[in-house]
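Letters A, B, C and D name the chains as they come in the text, with residue numbers starting at 1 for each one.
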Amino acid sequence: MKVTVKYFSWIRVKLNKSQDLFEIEEKLNFKDLKLFLIKKDNFFSEIFSDDSIKFFINFKEIENETIDIVDGDELGILPPVTGG
Amino acid sequence: MKVTVKYFSWIRVKLNKSQDLFEIEEKLNFKDLKLFLIKKDNFFSEIFSDDSIKFFINFKEIENETIDIVDGDELGILPPVTGG
Amino acid sequence: MIKITNKDFSLDDLYSNIKSHKNGAVSIFLGTVREDLFNEKESIEAIFLECYEDLAIKQLDKIRTEAIHKWNLNNCIIVHRVGKIPLGDKIVFIMTSSPHREESIRSNEFIIDQLKTKAAFWKFSQYGDDSKIVEAKEKDLEKNLKWKDVIKN
Amino acid sequence: MIKITNKDFSLDDLYSNIKSHKNGAVSIFLGTVREDLFNEKESIEAIFLECYEDLAIKQLDKIRTEAIHKWNLNNCIIVHRVGKIPLGDKIVFIMTSSPHREESIRSNEFIIDQLKTKAAFWKFSQYGDDSKIVEAKEKDLEKNLKWKDVIKN
């Protein structure tokens, strides 16, 4: 299955890209996805331990980390917002 | 001396005019002017006993009724305002 | 800037007068002609706004100056229409600008609350050739009282 | 109406969308680009606004719907600019309309407080080719908390 990960603000700047498209073989939930991403790039361990960052699956904030990830899902990784 | 009296809102409508110019011989203060006006038209006794009406001499609200009236003064008689 | 006018006005034109690199926030309040001004079933056709202009200018200037000092505003514009005003049209315009939003918002509300009870304007509603005086509202006087401490400080 | 755009916009055009005989009050808030965005001596040249558009639209729609229901508004328009925005230009526009002023004023403040902490936009300040991330403010989070009881009711 394909999972899009979108980066914003300082994360986008640091990674120097606004998104990644990952091809994933096994069925997984958000907890597993985190481990998958950390294995890809250790920078993600910094992201996932930062309390100020919020995670959205298909434009809904993740409340339960056991939520299943399915083909076509979009994960948004959001530092604190500063609009307005 | 000449004193202009300006009428607004329901008072203007009731009197069917927006102002009067009075020629006054004697020296007087605001208290005297009230008596002068009541003598001219008894309608003024209604005006001067209505707590909701405010009186301005030369665009300043009257705080002390003993204020002297001088030539060219303008008295504004204002029902409660309803702008905005 | 304070203006009393018998013509409608452009928001963009007024805004261009206060646009500044020093502003982070601009608040605008518009009072407009509501068809059920009396909360009655019968809809009005227009309103007529009467004004004691020389006094009103002084009163608006006092309110504006108080607001600018109290909230340290960058700028403030008050425009009030007079004469016949059609349904839906603008009656009053208040614009306040400041570096941060707290000041523009608070001061804007202060000005409209003050203006409602302390500036020499009177509304009449019009039905055809008939006109009717709009009564002053107790509620506006109460809203005014809440600013008592603010302007004392 | 909710709009995310990379162009400046006209206040008069936006106002014409909500003009109505049912309105007695219209409140507008504008956030604009302040030169001392960092409270530093050095003035910025412009800001760059980044947005997660699909999410931001949903978030703004939720805030707008909450405000309309809570204050029984006649209408509400939110416009947010993205991309490069010059000094002094508008960043965000919020317009609320209602029969009486209390509702348009309160709801307008609610929306900007919510938007500041709950909509997927990010500011960068620009100095020449350099850009710098604008840090989120504690104060905005606090302002948000004050609406907790309002939106629970």
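Here is the rule we go by: contacts are C-beta pairs under 8 Å (C-beta built on N, C-alpha and C of every residue); 3 or more make two chains touch, one makes a residue touch a chain.
All figures in this text were calculated on a predicted structure; none of them were measured in a lab.
Q: Calculate how many whole Å lie between the centre of chain C and the centre of chain D, each centre taken as the average of the chain's C-alpha atoms.
A: Whole-Å distance between the two chain centres: 23.
Q: Go ahead and note the Å separation of the Cα centroids belonging to chain A and chain B.
A: Centre-to-centre distance between chain A and chain B: 75 Å.
Q: How many angstrom lie between the centres of chain B and chain D, each centre taken as the mean Cα position?
A: Roughly 49 Å separates the two chain centres.
Q: What are the residue numbers in chain D that touch two or more other chains?
A: Counting only residues that touch two or more other chains, chain D contributes 31, 112.
Q: Find every residue in chain A that makes contact with two or more other chains and list them.
A: none
Q: Is the chain-to-chain touch network here best called a line, a ring, a star, complete, or other?
A: line
Q: By the touch definition up top, name every chain pair that qualifies.
A: Every pair of chains meeting the touch criterion: A-D, B-C, C-D.
Q: For a test of understanding, state which residues of chain A touch chain D in their complex under the given definition.
A: 6, 8-10, 12-13, 52, 56, 59, 76, 78-84
Q: Considering the complex alone, what residue numbers of chain D touch chain C?
A: Residue list for chain D touching chain C: 10-12, 15, 19-37, 43, 87-88, 99, 101, 104-105, 108-109, 112.
Q: Would you tell me which residues of chain C are touching chain B in their complex?
A: Residues of chain C touching chain B: 31, 49-52, 54-56, 58, 80, 91-92, 112, 115-123, 133-137.
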